[in-house]
């Protein structure tokens, strides 16, 4: 449905998590009978969860914990972990910075050059821990990264930038060849981010084994403000899921859609799957884990850009161990704990036995109700502690 | 009207109380000539009012007061009243808890096992007071509860869960048979909650004598945030009322629709009836009564869930005796007192002689006006007392 | 355009002042060439302005000032002015009350019985001052009021209630006969309030010489919250203007539409006229005049209802003499001063020479911009004085 | 798409910056390959940037800096610069005024009469600095200003008022003849402001060489509140761009559209171009430059109106040198620094090589996301400095 926004100019209406809600099914299930496993190319996960390739979320330690819980942490190969032998002092400095100096401190920390031997070492450390190994370079670094990694050492390669297309044009460098990279590392290649049907379809045709969907939605992301660019996640998920389905019809290959960013609570994850995602990639909710490297803070990787930072540092606090965040039990009622217990219960209310059935759940347009957030505010206002 | 929310994906637009307003009729009535009585299966009430089966709202004492005023209190059979001989110390503890520890205190209080003899005793106490007896088990406990209650001791049985369908599937237990339960207790069986036409119709076909409508709207409810599930109440009421009307056409039996949750002021109740409800079930506005067990606090029954609390404790204060809340006189102008005097006046302005005529009142889409709330804020800001 | 709000249920979308904006014309005028005069039945005013029949706005003194400036003050015949020989102490008490006790103080003040000799005296005082005399009883008191007033003593009679219809049904009393009343007082009879095409048309057919339009919009009004009733003013104006135009086509008689309530700034008045109103009736902006009886406060007449107050007391402050509020010069930039200088300039930008042309100005749907209010907040935040 | 807003009354839905977002392209570009130059009549600029003809933004010094950076500052010929030999003490006084007295201080400052020799001198000073000379009179002063300026001394004449039409009617004075003025000063004449297709087209037909688009959107503008008039900028840009395209088809002459006002961050500028603008005119973001005359404050020129001020003084602070605001590097992540670095990156994500291609970028309707602003608020809340 295109709406005229001016003479001779139309625009589609788009929708985000706060614009929609799920309708309980006419059938309901016992939550114990719900299956949360998901298949992403050759990967099989117990939870449809990837942790963002962000320095406040994933290091070797948190990736190992995530793997034990059934998810997958993606280590950023151009982050602090591959710039410093010991990134802890830097992480401390970022956490200790005042709000005013945070961006500058982050910009400086990322000035330290990337070190090939650290890329190699982090991959080795992950492999050693027995966790599934997933790492992420940007498109420009992808070819070099694949060579450093070598064949058979990782389980998945994520080639990520704010916006990635199969038709990037530069007078300075060449775009990566996804199929060749997959051959080199002998693992599926996930590519992102994109938000439109056309861009997703072209990435699939160019050989991507999975697609990351999301431009501008994250809690620590200011892309929409700085660049004006972004598509709300429910529409982005539905559009790219349509590309997945059309591509599957066309070729028989199912390229999974991973919705990346903007999910804060269990309800958002349920909506993401219902909108068509095969899995979700989340950052800020996991940065609040005791095992997360961020020490109660979270920042976007684009925050470090020297000329035009497009992310910010946010305070997320520490809400408990990763296990409690993902699987409970929740001691809080604000939806930030037991994210996948919530997904399980939500699916049972929608009568969805598994992820594929949840992708058919009924969605309604229902702007976030005032009471939704106010109940919590009122509750918290009483004791005044938080 | 389905709106495209993404490629190959549509969603209906839905509406809540704050999205609509009522249009005065071309005929108006003297408020004294308005009839507020309602019929719910075999029950006849002077007011179209049920009090929520929540521990902060209904105990034997408040149910008795509600009955005297013309409404009906529903006692939760799995709440504190049936777990403790004397629940007062627990209610005190919940009211005294800090905002931070409230959920934990509630979770602990509900760990005490349910006691069959207390179920029996509360039913007997209600009967003794001469009040209409309405009690509520969850679906899993319903069969056992009916056996404890026995035949002829109650006036209505409410089988309630967050989402209830006629087609619940579990590998662990069996869904209750509504008709058999009604026979056992010799009283009508009300079932809920649901929000869609299909689910309501199927519950009617499965033998429900009344339907509770509402998933996620309550002031102390965080279902929409935690699970992503919920349908705004005006649309839910209209959808389920359509099921009621179609079922009546089909079978000749009128199964009343009780809109449950999300109403805070008189205007919300008027909108609920206009949207198609036969009666309303309210919680937080009654928790503020002097006779309510909540001591100025209110919490959802799902708050006590150990793994995934889906409600919160809110401070509602104490605004006056139950009689003043329901029938006035109001000494405040914020719509929270004299709820049914307000309904009466609203119906007179809409030219509706009775509930059935009010169900035809004209509704318009009219987002809550800024001045609506601001007038009160401004007023309250001056003296600063509240 | 009716929108489905639920199965088998539709509702029209409605619009208020904050939802729309005016488009400058393709022709513009010199503001000096704009004519603001208006004709309301047999009345001709220099400004299309009536002051609300509210005790904080109109007494003999402020009505006289309003008449000198080109507007018309309407004195409420059932307000404090006709209950007390000297209402000043009561007005003082209301202004001095704390926010918490304000409603109670107002309720008590209006317990004093109405006095026929004071009705007579206030009419005489107004006449003596040479001002146009406009007074307002409620429908129940209208017949008795007309007898007290007698023939030839007033210029206009306003019969006002929250909602007035030509088909009011009561088992206790009879509705007033507008034509007979007009004959008795020998002056046009204005009737209100209504908000729908049908109700307006029927009031015209029943003999009303002018129609007051507005249910629930006022700054001191809580009707929408308490009763759920109200139609946003832009839609109400357009609907009732259509009734006016159809009635004029049908009978040749033009019954003017006076939009009553909800206007706070010059822009709102311009939108009211553009939506179809022949004149506006405003309250709270005039209660802030030095000559207003409210002493910096304003309250709805329905605030005094003992059982169900449907208005509140708001603090409006004192912003200057009535002349400055209506005609400037403005020393503030928030739109609350020089209301009719603003209307004149707005009309010149829309290329409208007079009120009738302004009723054709182009309206767009344009939700109030964040910057609109924020500019002022930011400005005021700097010095912190206000 | 016209929406019924009342019986027999329709209105178009309009859109502003916060209502829309841009969709990344299916092709992306290396930002280094993006061309930001723009052509405005005979002017060629390195950046599509004009600085508002406002006293807090443009004086000889800041215009010179702007020219060096590739933009164009427009000096207001009726501002303080042409009323006072030395405007510094006045600018100091305005900056030092309390929020309460700011409007009065501004009104007084502009009471000093305009001086012809100062008009002449400012033009000479600009020319001397080697900067492109752009100056702005109001329509009434335009003819006299052209005579003072003389032929060949300026590069562009901007004739600006809140609303300007080709068919202004006044019984007191005559509208300016754009073609004659262009001949007199031997430079292109830019005219504004307008917001509709019809008004823009008529100004083009009347000889305007460029059109300024925007009524009511600016940060320091209260036109929408005071007059009720205004069209959100995305719709205004699209409508006037359609007039430009139709006029070009009709005559072969391309009259550029400059979107004036309401842009605060890089994303807004990107949306302005995507909506059809050839360049932008911005005020408040530049008033925060170290070189700006406003000393951390900004005010609308209409603030000085004695009878009806329609602007306000806002605090913008000082965020860095003009170069950093326009071209970075940004040390903040809120989108207010490196505005044109942001535009370059945004264009690269949309696959737009130049301004003309960016005018075809895909726009979606996507209300500003809560997280968009909240991320920053949260970040800033931590250290508490700002």
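By letter and in written order, the chains are A, B, C and D; residue numbering begins at 1 in each of them.
Assume a residue touches a chain if its C-beta (ideal position, glycine included) is under 8 Å from a C-beta of that chain, and two chains touch if they have at least 3 such contacts.
Predicted model, so just to flag it, every value in this text is computed and none were measured.
**Q** Provide the labels of all chains in contact with chain A and in contact with chain B.
**A** Touching chain A as well as chain B, we find no chain at all.
**Q** Give me the C-alpha superposition rotation for chain A onto chain D, in degrees, nearest 5.
**A** Chain A sits rotated relative to chain D by 90 degrees.
**Q** Any idea if chain B and chain C meet via the same residues, over half in common, or different ones?
**A** Shared-number fraction below one half, so different.
**Q** Distance-wise, how many Å sit between the C-alpha centres of chain C and chain D, to the nearest whole number?
**A** 39
**Q** I'd like the Å distance between the centres of chain A and chain C, where a centre is the mean of that chain's Cα atoms.
**A** Inter-chain centre distance comes to 55 Å.
**Q** Which residues of chain D are in contact with two or more other chains?
**A** 12-14, 235
**Q** If we count contacts the way the header does, which residues on chain D are in touch with chain A in the complex?
**A** Chain D residues touching chain A: 1, 12-15, 20-30, 32-33, 197, 234-239, 241-243, 245, 265-271, 274-276, 328-335, 338, 341-342, 345-346, 349-351, 362-366, 368-376, 378-386.
**Q** Please output the residues of chain C touching chain B within their complex, sorted ascending.
**A** Counting only chain C, the residues touching chain B are 3-9, 11-14, 16, 18, 97-104, 107, 162-173, 194-196, 198-199, 202, 215-222, 224-232, 235, 262, 303, 306-315.
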